[in-house]
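Multiple structures are listed underneath, in structure tokens.
Next come two complexes built around subunit A: one with subunit B, the other with subunit C.
And now, the complex of A and B:
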């Protein structure tokens, strides 16, 4: 893990902030969202060969109101790393990592569907869970709990 | 006085609707629309221990065109709504609907954007069965309530009731304060 942290600080300098996690994982806060693809490539080439999960959180009260979360696993060394990328704006945009990890394709579609985060250079960015004519992004905090009760896939 | 005086006990005078309703009451063919755990309880209800065939409703038909009692059992998601509507439309009149279980009646504990909050917003439900999932006895009680309904209600009344249901459905105000800002890219 020290090796990976060394690499990250070497290439990204002040842009990354490293914190110990709750269990064995390491939290990496990447402050510059435009460099996410670069960071993922670096991690992939240095043992973190698996993207376990990719999701987002909506924090309506924060200035950076969205946070992307990338859960990584180094299978040979059994190391876990959580990369967090704060984003701001109503419909924030971030570089797609689907060219680095193929699995990110559907995960990013889900994040787009549920949170409205846009992904640059995504091969097929459309809704994956809700139907295509659906309006709004259900996992945002301002979204009504029961939806609008009016629309169903028809 | 009546026809009985001439023919004795060999005939029975009644109203046609009563005779038809009596026959219908004991020949309900259920169409199981099972989407969740209530359907497992339904299997138990239909099998030999609880034995739905005691009520003349043992002939399961998985084709809506051959059945006249739809039992909606389980969580109906928003994506499932058009399927449910279509299946209901494919059933021939007379048809009845039982909403079995909490999810079907009200959305249950799925108070969520993805789950239809009660199918009575899309279909005219005749009987609600509570429980999560309901006991097979409770489902049988639901079928018995349908039998009562079939016995009492003439089809003309029923038609009026269903027309009234759809009229009310159109008037229902679904508006929420929520207006999605994102209309550019869906």
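And now, the complex of A and C:
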């Protein structure tokens, strides 16, 4: 893990910040969201061959109100690394990593569907769990649990 | 003779065929739009979300305990594995471990759940291809497992067996005897299953080379579980990142070579045998002691204390009304569920409800590769591939 962190700080310098996790996780904060694809390629070529999960968290009170979470797994060395990328704006945009990991295609569609984060250069950015004509993004904090009234049966 | 060649060159119209959302082979509500060139699949488009219930959103509004019943409804063929996966994640967040006896009970529950899941997958896959007998032979044992679950937890399908810091109830002698009886009879059932399928010429022809997936592709697509092992990588979280004391059990991780439907079938069958091995070791070595952590801030105190002491009553009430207090932070915990890596990513803001709970379903990334796998195969092979991937819509759509 030290090796990977050394590599990340060498290539990204101040842009990355290593944060120890609550238990045994390693969190890497990538402050510049435009370099995510580069970071993913670097990690993929250095053992982190699998993107286990890709999701987001909504923090409406923070200035950077979305945080992307890229959950990486190095299979040979059995290491896990969570890369976090803060984004800001009502509908923030970030570069798609689906060209680095094919599995990111659906995950990014889900994040787009649930949070409204746009992905640049995504091959097929459509809603995946909700239907096409649906408006709103259910996993945002301001979205009410009971759903919006637009789609109630009356 | 030349006429035949001419006929092959004839341009055909492509036909669009809808498989699902309500179709017997989709096992849940999946919608696959196949574009056919004759009988071959030229392209396909998968649409999911018909079973989306917003489990992650619901989790943000409930205390950590109240999310356990929701995990039953993820992969509903082996709900007990999801219960274990979720409570392990919360235990990791709290920094606690369940007592040794509870860990062994969880291992027993997990392995029984894995066998039940593989029975469903293998049985249904064979039915889809046309081998109905296997289904009838092997589903008897799934019933026996569900009888055991029903004695362990009180429910057959929606088990909700685990609690934060342990399990809900101890095993009684009758249940242990039922598990022993099951372990005595089940290996011969696997032999029967293999006698019916493994060297069956029709089954072999229908599955060999179908949906072949290379290891590089499998890793690119985030495959885990039996499908990844069928592609040739010896990867099992029970071995590679042991939890619940899996390092103390002797078992092997089966792998395939070609990653096709036949290999996935073989891997699942062998995994059932290995699960029997783990169960045999676990059932003989259940340590004595409590089955849930003795901490009234995390687990409900025993009923005698609640009715007879004021401390017990207060802690019971506080736990029910307020829930468990958690530290601020984020954890990711993964377990090897029957389908692959089932992960829970919990973001806690220090309250008794998760700020964000993310379920990493094993079959979501696997199903995203379906379009690529099915291309060039026959329509009937699409059914075989779908069955072998073991897509469970509850877990896929959450």
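Note that in this section the second predicted complex is superposed on the first by the 149 of 154 C-alpha atoms of A that agree within 3 Å, B and C clash if a C-alpha of one lies under 4 Å from a C-alpha of the other, contacts with A are read in each partner's own complex, and residues count from 1 in each chain.
Here, a residue touches a chain if its C-beta (ideal position, glycine included) is under 8 Å from a C-beta of that chain, and two chains touch if they have at least 3 such contacts.
Because the structure is predicted, anything quoted here is derived from the model rather than measured.
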* To do: Have a look at where A:145 lands relative to subunit B and subunit C in the superposition and call it first, second, both or neither.
  => both
* Of the two partner chains, subunit B (first) and subunit C (second), which one does A:116 touch, if any: first, second, both, or neither? -> first
* Asked: Thinking of the overlay built on chain A, is A:55 touched by subunit B (first), by subunit C (second), by both, or by neither?
  -> second
* To do: For A:131, select first, second, both or neither according to whether it touches subunit B, subunit C, the two together, or no partner.
  => both
* To do: Check the residue A:78 against both partner chains and state whether it touches subunit B (first), subunit C (second), both, or neither.
  => second
* To do: Determine, under the contact definition given at the top, whether A:90 touches first (subunit B), second (subunit C), both, or neither.
  => first
* To do: Could you look at A:22 and tell me whether it touches subunit B, subunit C, both or neither (first, second, both, neither)?
  => second
* Can you pull the subunit A residues that subunit B and subunit C both touch? -> 127, 129-131, 138, 143, 145
* Structure fact -> subunit A contacts subunit C in the complex at 21-23, 25, 27, 49-53, 55, 57-58, 69, 71, 75, 78, 80, 82, 101-103, 105-107, 114, 127-131, 138-139, 143, 145
* In the complex, go through subunit B and note every residue touching subunit A. => 78-79, 81-82, 85, 107, 111-114, 116-117, 121-122, 174-178, 180-183, 185-186
* For subunit C, which residues count as touching subunit A in their complex? -> 48-49, 52, 54, 56-58, 60-61, 92-93, 95, 217, 219-222, 233, 235, 240-241, 327-332, 334, 341, 343, 345, 347, 355-356, 358, 360, 364-365, 368-369, 397-398
* Structure fact -> Within the complex, subunit B is touched by subunit A residues 90-91, 116, 118, 126-127, 129-138, 142-154
